[in-house]
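Below, subunit A partners subunit B and then partners subunit C, in two separate complexes.
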Partner chain A sequence: MGLVAQMDQISGGSFILTRMDEVINWARANSLWPLVFGTSCCAIEMMMATGAARHDLARFGAEVVRPSPRQADLLILAGTIVKRMAPRLRTLYEQMAEPRYVIATGACTISGGPFVYNSYTTIRGADQIIPVDIYVPGCPPRPESLLYGILALQKMIKSGESLREPGIRKKPVVSELPPGVKLEDITLELRQILGDEGITNIPEEIARREWSTGL
Partner chain B sequence: MDQEILLAQIRQIDPQNQISPKKTDLIALEITATSLHEVMRTMRKQPDLSFDMLCSHTAVDWLENGFELIYVLYSTQFRQSLMIIVNIPRENPVIPTVSNIWLAAEAQEREVFDLFGVQYDHHPDLRRLFLEDDWVGYPMRKDYKDDFMLESAE
Partner chain C sequence: MTVHISTLNDRTTVPENSKSSLNTQEFFINMGPQHPSTHGVLRLVLKMDGETIREVIPVLGYIHRSIEKICEHNTYRQIVHLTDRMDYLSAVMNNWAVSMAVEKAAQIELTDRIEYIRTILAEMQRLQSHQLWWGVTGMDLGAFTPFLYGFRDREMLTDIFEETMGARLTLNYIQPAGLMFDIHPDFVKKTKDYLKYFKPKLEEYEALLSANPIFQQRLRDVGILDREKAVSLGATGPVLRACGIPYDLRRVEPYGVYEKVSFKIAVGSVGDCWDRYSVRMEEMRQSIQIIEQLIDNIPEGKFITKKPAAKITIPEGRYYSQMETARGVLGVLIVSTGKEKPYRFHLRSPNFNNLWTITQMAPGSRLGDLVAMVSTLDLVIPDMDR
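So, the complex of A and B:
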């Protein structure tokens, strides 16, 4: 915080700070290091989207998949989350260094999917355990959807946190690609959503969520 | 495999044992719970049968008709498969373990105990396998319910 205090004394310091935020967010957005968290079929699809050559995730600076939460800042949830897995997921999330981002891919991760009813294990939505930034629907989502989700996250980061208020971030964004919609429409809509939607306080969100039910 | 010889073998152990009338891909024997252990030992040890591999063991919950335990055996020598079916009552389901005949049965019986609550007599380590140790009830039973579950909306 020494830097912030110094800059406050310079007249027009806020101008410099804004630029700093932009530079930092630009760096964060373009070097996302995802953590491996694949529990079922969505993970196979995710690996094809990230690892293979055809839909190369390296183009967006997010290809360095890390096995350790200490080295990762993006958690891509791919697959059903069950009761027994929930505390481990929470632990992994809390071990990640801040700022940390979460993408939930696929129906099971977002809402429980086909296991919503009459299931004794499936958690109905990952956002019951940890705060989620981007939802990528699909069963499983196409690689394009996941890439679109990553792009949406990058846009969210770039217009996101500041040095003065770390952890205060834009609301979750739904990343879906409806048929017949042009890229310009999406860009416009996304810009509007990111601009108009309220903000969310990540530390408060974490504190508000309880540990998984019955554990 | 000659079914007549097989039938004679299991009839010798318990006269109620029979070839299953159900339509199955494999030859299926329906045997009584009391004769299970002896039948299994015969299947494993007898040189002209020698089913030395337990492929799978599972259970089916037929509600009022009790549990149906299914053992699928395979003989690596004769390259033949055989299904063994045992029906046991739903209240107090007890069955002798076969883990002293095939070691692989130990984990599979633990799984069936975990999800169906079948008690295996003389099992060396009968405790929960997949669920938490303090889990109440057996979730693969058809009448299982708990607070976490959501009833279907229809």
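So, the complex of A and C:
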């Protein structure tokens, strides 16, 4: 998928027609250059394990990891951000060339993680400092999760900005369900599993709580 | 006793009549906090004279997460999971250090099975930590292949860990009074298979990187650390042993089942980067030997001696215990008022003391050599700042 699906063939075969937006977004999505920003544990799992041979980030066109923000267009936040580091992070983000994308990996960059209570230094979520496009949860997330996050970002870029309206991004529904599966089915199955294992009294739990997410 | 306090501003102002060699002027540069070779967010302010380093001023605090303060609000069982995130490359040993401190203070008895499994896992983690260090050191000094080799072998060990503990990096396996779960039925077999696989690979490591003349030249006689200075700065672990001091807590104050196994302590002679490199390579071999001696003899028994829900209280007083992680001595100080939560919880991290040796060894050498020094010190920054 990608560019080929967006092409129209003209009879004779010498020309192809496509839109400029599609070409640019296709090129952007497949040549992401990440910036190394590893502050703690997630850096080992995310940057190093994904860069190594087994999980191989290079398959998705994002292996050119750069230490300089001037050469990068994807900021992968890996690790806790504390108050002293926050201005530096903001500077790094502002030094990156547009269009720039941000992936927040791990519980710490999303919400503060294990350091959310009683900590006087931790920033509760990187999105308080810079805009974040994709969140990858985990503590630390498995390398597969980051790969999924990058694929989701590529999807977002491909369907996202247009030349006429730069800066406006359409965020895709990342957790798209496979065909034939409904959210209600998953909910029922989850309740079944929970009920079978006897961890919680399901009817009581349902009566006690309000399920805001539809679960 | 007088204490001289100077701010970073004072120290980075160049006096007008500063001593500079011909045609050069002293100036300051920042290395970090965003720098690939510092492996994290370490900031080194360097006073330079041309290409020569005159002074190194480490500036910390860019990943200070106030773990010690959070610990004061948590019970002794809850503290353990925070220690995974300090020195994440030796997570098992960090868990063990805290658990050991609590067990000693609360006088909890352990079974032999617990001690054996803990020792085996600690050595496996040491092996894994050194594998990562070996790969990253190669990468810092311009050889990318070791990184791929080191991670190839590390991932296999991670698989064995994942099977038993359910996590890849932040293992959170050892808790006060025992272990979270028993080991996986395949654990013993897979570990033995792995050791059989890894032994020839270690020789491959030597042939690939140690025998490389360019790599040797970048490490030999670079960053020589004086023996007295290493001791006075409180350096521990491979950094201290590379200076020729055979101080290893596994031998000096044995814990776990280290008394029952025979192993050698790797010691360097000069104290340069090459010695630190060789000491770690030898430690990998010794770790394999220790695991081989223990893996067949894991006794039967309970894997936890107290109910997980049982409250742990420590009698009033101050308690200190320490152990040898992959980087040096990790000390745990608990000040208890007899309650479920500690009154004060202090950690003596090996990396913090090891870092300050760089202020002694770097002056006089070139900027490029600083990367080799930082690399062979094997620093984990979140452990320093906590």
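Some points to look at:
Here, the second predicted complex is superposed on the first by the 150 of 215 C-alpha atoms of A that agree within 3 Å, B and C clash if a C-alpha of one lies under 4 Å from a C-alpha of the other, contacts with A are read in each partner's own complex, and residues count from 1 in each chain.
Criterion: a residue touches a chain if its C-beta (ideal position, glycine included) is under 8 Å from a C-beta of that chain, and two chains touch if they have at least 3 such contacts.
Bear in mind that the values here come from a model prediction, so they are computed numbers and not experimental data.
Applying the stated contact rule after C-alpha superposition, one finds that A:M85 touches subunit C and leaves subunit B untouched. Once the two complexes are overlaid on the shared chain, A:G149 sits clear of subunit B and of subunit C alike. Contacts of A:A52 after superposition: subunit C is touched, whereas subunit B is not reached. Judged by the touch definition given at the top, the superposed model places A:G38 against subunit C, while subunit B stays out of reach. Applying the stated contact rule after C-alpha superposition, one finds that A:R124 touches subunit B and leaves subunit C untouched. Of the two partners subunit B and subunit C, more subunit A residues are in touch with C.
Overlap of the subunit B and subunit C interfaces on subunit A comprises residues 84, 117-121. Residue ranges of subunit C in contact with subunit A, taken from their complex: 33-36, 40-41, 61-67, 69-70, 72-73, 81-82, 84-85, 88-89, 132, 136, 147-148, 151-152, 155, 168-170, 381-382. Residues 130-132, 139, 144, 146-153 of subunit B touch subunit A in their complex. Chain contact summary for the complex, subunit A toward subunit B: residues 83-84, 116-121, 124, 213-215. Interface residues of subunit A facing subunit C in the complex, by the touch rule stated above, are 36-41, 43-45, 48-49, 51-54, 67, 79-80, 82, 84-85, 88, 92, 114-115, 117-122, 139-140, 142.
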